[in-house]
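The two complexes that follow have chain A in common; it is paired with chain B in the first and with chain C in the second.
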Partner chain A sequence: MVDGLSLNIAQILFNSLLTGSLYVLAAIGLTLTYGILKFPNVAHAEFITFGAYIAYTVADIWKLGFEAGVLAAFVATGLLGVASHIFLFGPLIRKGASILHLTVASVGYGIVLRYAMQEIWGRKDLYYSAYYPGFDLGPIRVTPLWLSFIFLAVAIVAVFHLLLTKTKIGKAMRATSNNPSLAQASGIDTRKIILLVWFLGSALAGLGGVMKASDTRITPVLGWDILIMSFAAVIFGGVGSIYGTIFAGYTLGFVENLGVIGLVALKLSTEYRFLLGFLVLVFALIFAPQGIAGITFKSIRRRLSSSG
Partner chain B sequence: MVNIVNFILDMFVYVGIFGILSLSLNLEYGFTGLWNFGKVAFYMIGAYTSGILTTLGYPVYVGFAAGVVVSGLAGLMISLPALRLREDYLGILTLVFGEIIRIILKNEYWLGGPLGIRGIPSITPSGLDYTTALIIQLIAITIIAAICYFIANRIIHSPYGRVIRGIREDELATATLGKNTFRYKASIFSISSAMAGVAGAFMGQYVTSIAPDQFMPFISFTVWMMVMLGGFANIEGAFLGALIYISFERGARIAKDYLLLPIDPNNLMFILTGLLILIFVFFRPQGLLKENRVREHKGV
Partner chain C sequence: MGKVCDMRENSDRKGISTAAAAALAVVLLIVGVAAGYFAGSATVTPQTTTLTQTVARTITTTQTVSAAQTVTQTVTQTATVTTTAAAPGGLPEKVKIGVLLPLSGELGSIGVRMLYGAHIAAKIVNDSGGIGGRPVQIIAEDTAAVPDKALDAVKKLVEVQGVQVIVGPATSVEAATIAKYLNDRKVPAISMSATAAALSNLAKQYGDTYFWRVVGSDTIQARALADIMKEKGFKRIVTFVVSNDYGIGMEQMLLAQPGMRDRVVLTIRYDPTKGDYRTELEQVRAANPDVIFYALWVESGKIVFRQALDLGLDKIPTMGGEGMADEAFFADPRAAEYMVKTGLFGTRPTYDPKTYSYQIFYNMHKRLYGDEPSLFADYTYDATMVAILAVGHAGVYDGAKIKNALALTGQYYIGATGMKAMDPSTGDLLSQDYLIWRVELKDGKPTYNFNYGFWSLGTGVVWK
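Let's look at the complex of A and B:
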């Protein structure tokens, strides 16, 4: 498949947009909880998987249609995130658990979730029955599903932008993400904001899961395949920064798709495309650990003047 | 039904292998405060290095030595850029490192590809009955584990051990006392990785075939659970944690032969494991054994 597309720039850009949208959806929740609560939530992978399964149940077992499945995935995964905070992470934080303990707890919680899902939905690969035949849009091969997911992701980014800049609650979210104690001192009910962040972040992860699954298949390890790339987007974009993550997510999507072509040209396995994302993560960690959000004009100038 | 003696011998061999891994993680996290979520990488490097060399016909001790050295060097190499990072970033970077190694091994056919390496020569002479072979393996892993225990014991009761604890408590303060904290962190990371390498080398010859999918990130998390169960900064605890975790896992495996459960026993086992971790995080975050007090210097 790749050979035929190898020089189709438009297709590469389109595919990058698609992959990037997936990473953005998967990573926004991760960056928000990581930024506010300071620990990397490994169970986020399972939230992604959960969304995919919920959509399957609603769309293919209850036969309510794929759109209803997507909506159900959004709401149910969001609620799962809220419940996780209320019953697990919140109490742990109140007990004064360290960042390491929170991380380990998220690992344990992720295992519980993953195998509970495997118990409920089985280990076999599942597929959505909704099928949308592809068609050519100029030089690009698309399917209505891909188009609607890109549209959805871009719309969500736009809504997030409006929410964050134009509304009071968005400002409170940004404040909490920047400095939780200062936000609290300024009269923001950070508890409510944190729950909202869990809801929105997890709900988007659920959508990401449906998106990934609709293109491939649903397995209990679906989320894991995306998690490390999501971490790459989060760290490359700067932990806690929504705009950074959006930029990083699309950049990673582009790097990955462009990389596939390079790999084919070099006669290497296309599975190495994951390595490209990992390399971005490694370079981001080593050279810009604050992420692109941390790179300001001032810091570039300082670095230039100190090296020169 | 499997032979119960063999079952128990096999279990203790794994307690030895994972005890070494959990000991090495305890040196890194428990004593030095370094997050390593990619323990499996060094385990994998040890297993592959030794596996490849011994299948090529080199003697087992060459394979083991190479496994230790290559893992140790890999640990040193990754630590050079990684140790300057914040603790949680170090955790993520090591996690990713493990996945990178796994993907490379899976896609490079001269390194075995997805099927891995088969027919790794075992340390036991062929023609022995299974129980005797298991006993020899158990003796071998006990000796290796004892050596690792001895090394770890010497490390933590030396001035070096006090410095790494100092780094854990307050890196800046330790640096202010004139200690090159980076060098200490890099060396402990390298020693621990070498230990994980020997565990991997042993595991490779024990199961005689290794494949990339045996080295999922879950292994690293399992080792974290063992360290957490046994207790942070306690080298006996490392082995205790491995014993508890593996007994728990094996117990569940036996139980499924006797119990008629409405739930898949494999899933149940993992769910219970996850819950066990959550219970520990909530009620006994420091693990079962506490850190021993630093022994006074008596010229050990």
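Let's look at the complex of A and C:
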């Protein structure tokens, strides 16, 4: 290893937290819609991009400030998700479309959205003019933006936890996810719940888009760079499980950032960090095919006793 | 495409009137010698009797350049009045020079103006009688700077047009793509702007040298960069490169320079699609370097710079190769801020535009097109001139023989962009000069100062 290399572990953990927060924001929406509608919405990538562009329009074209842009991205992307269900996926489901039909429809829908955005905002890279210079927080170099995004992600996780466990609407969401017809039979307005899930899931994607774009740039393919890792987090965490997804998102963030250190030490390209994330995913699925959410003490005991 | 800059910014256009007269005399001399040479080789291989009628005339000219120098040469012009093809061993009625350039697409606007250089070379040669009386014809094909299209275009030139020598292609990826085909069909190509170091291995890879270039390989640039690093006293160097042929090539070339393995303390190859480089940059900081050497792509590079600024790495000096001298980096104000704060500096191929050879090209460009030559038109002119001279040298329109003539042709050709001596085992230019640029603030805006320094094999590093 290189002489005089004194890696700042705290900084690397902070970086991992930042990477993980992004995956969590992008993946929660994906797992929510998957949990209730049972199909992977590939157009989710475009929702991420859409949020980034909306924030740009509000913050830099209308000059209403970056905070207003973030809020607008949250609301507008949420509404886009609701509209997608009302006008596209809802009618398809009512006509009896299968998972395959819905998946292919979402791919096509995503392409339409991507090129529409390219038409509206252009192909050229865009940047938010808002800028908050970094400072040292103890041993860690941070920017207000990075801090606020980590805070936002953690806060959202907490709010979701309360929503799902303490409120009626949360219980209705869980019921709809587990068994839609039973939920409907017991008096839950599943239609409203489905629209709420679309709104929340898409809004979080929009937020993730602003976060990624403020750190890099805004392009029509912004969402695609995150989508693959988001899917990995969803599968790793156990499809439809919000807690599993949160855990998986942060785990992938850590594995990726720690992997970079190993790769650089081995003089390899950091392109392989994707590979490391997926290796973790593959091994996790071999031992827990249902994802992390499927792991219970009973299943571990069963596995141990069957092997022993 | 490698971006080459000339020294037009600091050239003095006014003081050439007396020089122009002398230049003209020397040019006439060069052209005269060249024409005589063509004629000479043309007469060595006599026309066969299949030609129905051949009118030959011999002109003897004497040019007096100075009292001491008198050059006498014989120019034999052979004009055929029949339409039959040329006799075996001779030159065809029209000597076709194929040109591969991006005439559409992203680089189309540059490519169209690069083609001017080829037409200027053909015009100068044709005005003085062509090659042994046979006029030169430029046949251009559009590659759009896309490798697949370049392969289609070169096949069209060789198989449909029967072209035996090619000028181009412009980019290194295109060159790597068509190299095997050139070797298989034994047709040499001379690139004006492909600088990737890996192209030096094409000759070894395919068995023979059918790819040549009149612009310096990045191998020479690496030597310039290593010299500059030593001159600046940098002892702890970190390389931060994009993980592809361009970036890894730069890293490897730099490490191959004498003494550099001890100085480079950390090498990082980053993924251009990721957009999250904080942990890579943290490792750079931990290595405590004197300088960071960057070879980035613009799109991902802007993100690297922005995040380096956010992480507070703006106290460490930065360097780069010619690819880093690109104003597209300034599109992100944070990236530009980082480049200014760290005083990013680096190299770029250059030459002296005050030479007679450059003025001939320049004046003809003004006369024919009414404006200043744009990027790479000069190198395209030289590549075309070398191709034409090699056909004359070979005396026959045959790719393999033209290829054999290229090394010697380049040896004795001093072009608009300098000496064009090339290594027959690699096709590489033997010598290339570099200017040293630096990112500076001018009137509050980030700009490239192309007059920060100079490097050549002869002079070493010179600061201005």
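As a convention for this text, the second predicted complex is superposed on the first by the 295 of 308 C-alpha atoms of A that agree within 3 Å, B and C clash if a C-alpha of one lies under 4 Å from a C-alpha of the other, contacts with A are read in each partner's own complex, and residues count from 1 in each chain.
The rule is short, and it goes like this: a contact is a pair of C-beta atoms (placed from the backbone, for glycine too) under 8 Å apart; a residue touches a chain by one contact, two chains touch by 3 or more.
These figures come from a predicted structure and were not determined experimentally.
Applying the stated contact rule after C-alpha superposition, one finds that A:269 touches each of chain B and chain C.
By the touch criterion stated above, A:225 is placed in contact with chain C alone, chain B being left untouched. Contacts of A:39 after superposition: chain B is touched, whereas chain C is not reached. With both structures placed on the common chain, the touch criterion links A:95 to chain B but leaves chain C unconnected. In the superposition on chain A, A:285 makes contact with chain B only, while chain C stays out of contact range. In the overlay built on the shared chain, the residue A:131 is in contact with chain C alone; chain B does not reach it. In the superposition on chain A, A:141 makes contact with chain C only, while chain B stays out of contact range. Contacts of chain A with chain B, set against its contacts with chain C after fitting on chain A, overlap at residues 268-269, 271, 274. Within the complex formed with chain C, the chain A residues making contact are 2-8, 11-12, 15-16, 18-19, 124-125, 127, 129, 131, 133-134, 136, 141, 143, 146, 212, 215-217, 225, 257, 260-261, 264, 267-271, 273-274. Those residues of chain B that touch chain A in the shared complex are 29, 35, 81-82, 84-89, 91-93, 95-96, 99-100, 103-104, 106-107, 217-218, 221, 224-225, 228, 263-264, 266-268, 270-271, 273-278, 281-282, 285. In the complex of the two chains, the chain A residues touching chain B come out as 38-40, 88, 91-92, 95, 97-101, 103-105, 107-116, 118-119, 224, 228, 231-232, 235, 268-269, 271-272, 274-275, 278, 281-282, 285-286, 289. Contact residues of chain C toward chain A in the complex are 243, 265-271, 273-276, 278-280, 282-283, 285-288, 299, 302-303, 306-307, 309-312, 331-334.
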